[in-house]
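Right after this note come the structures.
Note that chain A is present in both complexes that follow, paired respectively with chain B and with chain C.
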Partner chain A sequence: MLTIEEVKTRLKNKYQSAVKKFEQPYGTRLYADIDKSKVREISNEIIGMGGRYLVSVGYDNIARDKTLGLIHAFSLDRDDIFVCLRTAAPVDNPTFDSITPDIPNAGWSEREYMDLLGMKFSGHPKPKRLILADDWPEGVYPLRKEVPWNLMPPPAENVAYQLDEAPEGCTTIPVGPFHPTLHEPAHFAVYVDGETIKGCDYRGFMVHRGLEKLCQTQLTYNEIPFVAERICGICGSVHATSYSQAVEMAAGFRISRRAEFIRTIMLEIERVHSHLLWLGVAGHLIGFDTIFMQAWRVREAIMWFGEKLTGNRKTYGMIVVGGVRRDISPELKDELLGILKTIEKELVTIHKAIVGDSSIHRRTKGVGRITTDETRLWSLVGPVARARGVDIDTRRDHPYAAYDEMRFDVPVVDSCDVWGTVVVRILETFEAIKIIRQALDTMPAGPTMTEFAEDIKPYQHAITAVEAPRGEVVHYLISGEENRPERWRVRAPTYPNLQGVPAMLLGDQFADLPIIIGSIDPCFSCTDRVVKVDIRSGRISNLTGGELETISRAKKLAGR
Partner chain B sequence: MLAKLCKKAFPRSLWAYHCNAGACNGCDIEILNVLTPYYDIERFGMKLVASPRHADVMLISGAVTRPTFPLVKKAYEAIPEPKLVFGIGSCAAGGGCWFDCYNVTGGADKAVPVNYIIPGCPPRPEAIIYGVALALGLVEKKASPVELKQVEFPVDMYLKNKAYEERDVIYQVLNR
Partner chain C sequence: MWLTSKIKQVLLVLRPGVVTLKYPFEPHPVAKNFRGHPSWDHHKCVGCGGCAAHCPARTIMIRDVCQDLRVMLYDGSRCTYCGRCADVCPEDAITMTEQFELATNDRNDITVSMELFMLTCQRCGRCYNMETTNMIDKMGLRGFRYDNLEARAVIPTATEHFDEKMLEESDRYQRPQK
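Showing the complex of A and B:
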C-alpha cells in the first residue's frame, strides 16, 4: 500500500525540479505540476507503481497565460489514489511527448486533442484524425475558446472514410454505419482472410454532439446534470452522479448522507436494468431470441418502478448538484423490495437456462480472447476486464456515495472470453440487488438537498470516477467563472474498451464479430459524447492488428 | 386525410426500419422495447427489419449529426415507395437540447421529409405504438389541435403602470 505522501516523495526524489508543485485539495487526489519534457518518464513511473491510465484532459488556457494545458490522469487502484499529471505548452508550439507508445490506451485521447485543440504529439504511432472529419477545415479547433459552440463549416459531399490499407491477402468487409447488429452508427472495416479476422479499423464518433463545448459555453452548473444524463440513455444517472460529485468536490462540500444513499440506490437500479438489457441484446446477437424476450420482460418491472419514483422510465432527472430531487417514501421502499424479489427469482431461472444451454457455450467460449496482461496493457475496464481476471471495481477501490458502507462481492472470472462477460454480468446483477436491499435497510433520515453555502471558486480541479454498468466513468472538472465549468471532460467506459476490440477480434471467425463487439456493451453515444467535433466523413481508426501485435510484443519483450 | 391515405397504402403488415442518427440510446431502447412481450407490437403485424429495402416505415431517432446526415438520406432513398417517416423523441423532433451545436444538423426533418413526430425524452413504448397506430388509422385521435394566437404585449397597460409608479414617486417627494 502506498500513501499519497510516499508517491510525492518518490516523484520528488527521482525527478527533483521536473516536478514543480503538488496540490492535494482532497484526501485521495494528487495533482502534480510537471515539466513537459518529463511527461513520458513520469507517466511510466506511475504505471510502475501499479497505476492504471484513465484519461487525458486537454484545455484551453490561452486567455490567461497563452498555453494549452494537458493533464494525464492515473488511478492507483490498490491505494485509493488518483494521480493527475498537469503540464502545459505555449500555444505557438503546443508539442508534447506522446505517451501512447508505452500506454496504448492514451492513443485516442491524444488524437482527440490533435483534432480539437491543435496539440501535437511527437512519437505518436498513428497521428491521424480521430474526431474531426476530413472536410473540417485545417486550423479550426472547436474546443478553443475563440471558436463559438455553434460554428458550422459548410459540409463537403462524398468524402470517403480514410481507412487503413488492408493487410496483404486480406479482404475488407465494411460493417456499418447502419447495421442490424450495431444499434448505433459506427463503421468497422474488418479485414478477413477467408473467415478469419486479421485486423480491424474503426471509424466512429458519429454520435458526437459537441456537448462538452455546449456545457462549457452556454449552460450553468445546475443545468448540466440534465444534459449529462442525456449523454447516454441507459446509464444516465451515472454521468449525472459523476458530474455532481465533481462539482461538489471542486466546491469542497458534502451532501447529506440520505442523498448519498438514494444516489447509490439509483445507480444500482440502473445496473439491474442495464445488465438485463445487455443480456437480452447478447441473446439477440447470437440468435437466441428467447433470452431477449425473457430478459426484457423481467426488466420491465424495474422500468415501471423507475417511472413511479422519478417520473420517467429512463433519463430520470433524479440527481442534481447538491443531492437528489425526490425522496424514497416507505411505500415505494416496500414496492421496490417486492420487485427485487420477483426479479431475483426470475433471474435465477434465466441464469440456469443460460448455464445449461450448450449452444450459448459454443458461441461464447473461447471467443474474443485477450489475455490478462493485454487487458492491463490496454487499461480495459468494467465487466470486460473482470471477465479477464483483472480485479478492479471503482465502487470498492475508490468508494463514493454510500458504497463505503455496503458489503458486496466483485465477481471476477479468468476465462478471458465472451462467456466470462456473460457470467460476470449475471453475478453482478445479483450483487446489485443485494446492495439495493442493504441501502434501503440502513438509509438514514435527513434532507435530500443541501444548499451551497458559497460560490464555487474558479479554477479548482476535481476528478471523480463512478462504476457504470459498462465499467468506469471518469469525469474531470475544472471550475470556472460565470457559474459554469471552465472544462468538463467525460470518459465513458466504452472509450477504453473499444480500443481493445481489435485485439479481441484478432484470429476469430467473422460470424463472431457481433457478439464480440456486443460483449463490451458498446455505448457509442457515451464514447462520442461531447467533445467531439465534426464529422462527416471520417477518418479514424484504431490500431490495426499488426500495429497492436508489434506493440504487444514490444511490451512483452520489455518485460511489462 | 393522411390517415386515410395510409390505410389505403399500407393495408397489411407494416415493416419498420430503425435508423439511429446520433441518439443517446434512450429512444432506441424504447423502440426495441415495443417488440418485447409486454408491448408486443407484432400483434399489429408490425416488426423491425434489418434492411431499409424491406421496410415501409422509417423510424428516426436522434438529432441528425453531421456524419450521419448523408447516410440518413441514403437510407431513406433505399426504402421503396410508398413510405412513411417517423421522428421518435425530442431530438428527432427538433434537435433536442443540442439543436445548434457544431456537430448537429438539428432534427430529422433537416435530412428527410418527416410525416409524424412522437415526442418524449424518451417516448414511452405506449406512445410509440399509439403514434404508429394513429398514423395507420387503427385508433381515433384523442386530442384536438389547439390554435395558439400571438398576443401583443399591452402597451397601454405598461404606460399606465409606469404613470402610477411615477405618481407614487412624486407623492413621496412631496410628503418628505
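Showing the complex of A and C:
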C-alpha cells in the first residue's frame, strides 16, 4: 500500500526540480505540476508504482498564460489514489513527448488533442486524424476558446481518411460506417487472410456531437447533468453522477447521505438493466435469440420501475449537482424489493439454462482472447478487464457515493475470452441486486437536495471515476467563471476498450467479429462525444469513392 | 449437457408464455409522476422566465415585444422531458402531464405559446429571484429577453431596460450557415 505522501516523496526524490508543485485539495487526489520534458519518464514511474492510465485532458489556457495545458491522469487502484500529472507548453510551439509508445491506451487521447487543440506529440506511432471530420479545415482547433461553439466550416470535396496499409496478402473488408452488426455508426476496416483476421483499423467518431464544447460555452452547471446523461442511452445516471461528483468535489462540498444512497441505488438499477440488455444483445449477436427475448423480458420489470421512480423509462433525470431530484418512498422501496426478487429468480433460471450450453461455449470460448498482461498494457476497464483476470472495480477501489458501506464481491475470471465476459456480467447482476438491497435497508433519513451556499471557485481541478456497467467512466472538471465549467472532459468506458479491440480480433475468425466487438458493449456515441457536430456519413470512399458521395449528396439535396 | 440445456431453455420460454402487450390497441397507462408533455397554466404563470433559464435543451423562448407584453414559446420538438422547468417554477404553473403519444408531422401541434401582460418590478426589472440561496442555480439571463421565435433561437443576451434596437436586431437573426 502506497500513501499519497510516499508517492510525493518518490517523485520528489527522483525528479527533484522537474516536479514543481503538488496540490492535494482532496484526500485521495494528487495533482503534480511537472516539467514538460519529463512527462514520459514520470508517467512510466507512476505505471511502475502500479498505476493504471486513465485519460489525458488537454485544455486551453491561452487567456491566462499563453499555454496549452495537458494532464495525464492515472489511478493507483490498490491505494485509492488518483495521480494527475499536469504540464503545459507555449501555444506557439505546443509539442509534448508522446507517452503512447509505453502506454498504448494514451494513443487516442493524444490524437484527440492534435485534432482539437493543435498540440503536437513527438514520437506518436500513429498521428492520424481521430475526431474531426476529414473535411474539417486544417488549423482550426475547435476546443480553443477563440473558436465559436457553433462554427460550421464549409464541406470539402474529395477528402477521405487514409486507412492503414493492409498487411501483405490480406484483403480488406469494410465493416461500417453503417452495418447491421454495429448499432451505431463506426467504421472498422478488417484485414483478413481467408477467414482469419490479421489486423484492423478503426475510423469512428461519426456521431461527434460536441458536447464538451457546448457545455463549456453555453450551459450552466446544473443544466449539464441532463446533457451528461444523454451521452449514453444505457448508462446515463453514471455520467450525471460522475459529473455532479466532480462539480461537488471542485466546490469542496458534500451532499446529504440520503442522496448518496439514492445515487447508489440508481447506479445499481442501471447496472441490473444494462447487464440484462447486454446479455440479450450478446445472445442475439451469436444468433441465439432465446436469451435475447428472455433477458429483455426479465429486464422490462426494472425499466417500468425506473419509470415509476423517476418519471422516465430511461434518461432518468434523477441526478443533479447537489443531490437527487426525487426521493424513494416506502411503497416504492417495497415494490423494488419485490421486483428484485423476481429478477433474481428469473436470472438464476436463465443462468442455469445457458451455463452448460455447448453451442454458446463454441461461439464464445477462446474468442476475443487477449492475455491478462495485454489487458493491463492496454488499460482495459470493466467486465472486459475482469473477464481477463484484471481485478479492478472503481466501486471498491475508489469508493464514491455510498459504496464505502456496501459489501459486495467483484467477480473476476481468467478465461480471457468473451465467455468470461458473459460470466462476469451475469455474476455482477447478482451483486448489483445485493447492493440495492443493502442500500435500501440502511438508507438514512435526510434531505435529497443540498444547496450550495457559495459560488464555486474558478480553476479548481477535480477528477472522479464511476463504475458504469460497461466499465469505468472518468470525468475531469476544471471549474470556471460564469457558473459553468472551464473544461469538462468525459472518458467513457468504450474509449479505452475500443482501442483494445484490434488486439482482441487478432487471429480470430471473421464470423466472430460481431460478438467480439459486441463483447465490449460498445457505445460509440459515448466515445464520440467531444467537439463539433458535422460529419456526413455517405463517405465510404474505398468502396465507390466520389460516386457514392455524389449520389448521396444528390439524394440529400433532393430530400430538401 | 447440450440436451439438458435445451430442455431448460424450452421450459424457460414456456413458463412466462406470451408477454407481448397489445399496445396501441389496448391503452398502456403510464406511472404516476410520469414526465410527459409539460403543460403551462397561464393563470398561474407570472412570466418570470425561470423555466427558460433552466431548460437544458433551450426549448423555452422568451420575447419581450414591448415593455408590457412578453411572449413565451415552448417548442416541444426539441424537448427532452427532463421536467426541470416544472421543478424550478416558483408558481407551480408547469405540470408534467401523462401525455407521451406526441408523434406528429407538424411541430406546431406540440408548441405552446403564451402572451403575458407583465408588470415590471420598479427596482430590478425582473420577477424571478427564487433560488438566491442556491448559488449553482443562479438564473442565467435576467431582465428583458429577445429570443427569435421564428428561428426558434435563444439569443443569449438580456437587457435591464427594454431595448427596441435589440428587438430589431434579434429579428434579423440568422442561423450559422455552412
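The definition used in the following text is that the second predicted complex is superposed on the first by the 525 of 560 C-alpha atoms of A that agree within 3 Å, B and C clash if a C-alpha of one lies under 4 Å from a C-alpha of the other, contacts with A are read in each partner's own complex, and residues count from 1 in each chain.
One rule holds for everything that comes next: a residue touches a chain if its C-beta (ideal position, glycine included) is under 8 Å from a C-beta of that chain, and two chains touch if they have at least 3 such contacts.
These figures come from a predicted structure and were not determined experimentally.
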Applying the document's definition of touch, where does A:441 land relative to chain B and chain C: first, second, both, or neither? neither
Inquiry  = Just checking: does A:155 make contact with chain B only, chain C only, both, or neither of them? Give me first, second, both or neither.
reply    = both
### Message
Output check: A:92 vs chain B and chain C. Expected answer is one of first, second, both, neither. What do you get?
### Response
neither
After lining up the shared chain so the two structures overlap, which partner does A:138 touch, if you call chain B first and chain C second: first, second, both or neither? neither
Notebook entry, point to check: Is A:456 in contact with chain B, with chain C, with both, or with neither (first, second, both, neither)?
Noted result: second
Does the superposition put A:210 against chain B (first), chain C (second), both, or neither? first
### Contacts of A:184 with chain B and chain C, given as first, second, both or neither
first
Quiz item: Looking at the overlay, what does A:315 touch: chain B (first), chain C (second), both, or neither?
Solution: both
First (chain B), second (chain C), both or neither touched by A:352:
second
Chain B and chain C footprints on chain A meet at residues 150-152, 155, 226-227, 230, 293, 297, 300, 312, 315, 534
Per the touch rule above, chain B residues touching chain A in the complex are 19-30, 32-33, 36-38, 50-51, 62-63, 65-71, 75, 96-98, 100-104, 121-122, 124
Per the touch rule, the chain A residues reaching chain B in their complex are 133, 142, 149-152, 155, 157-158, 177-178, 180, 183-185, 205-211, 213-214, 226-227, 230-234, 236, 277, 280, 292-293, 296-297, 300, 312-315, 523, 525, 532-538
Within the complex, chain C is touched by chain A residues 150-155, 218-224, 226-227, 230, 247, 290, 293-294, 297, 300, 304, 307-308, 310-312, 315, 317, 321-322, 325-326, 349-350, 352-359, 451-456, 483, 534
Per the touch rule above, chain C residues touching chain A in the complex are 1-2, 4-6, 8-9, 11-13, 16, 19, 30-35, 54-57, 80-84, 87, 96, 133-138, 140, 156, 176-178
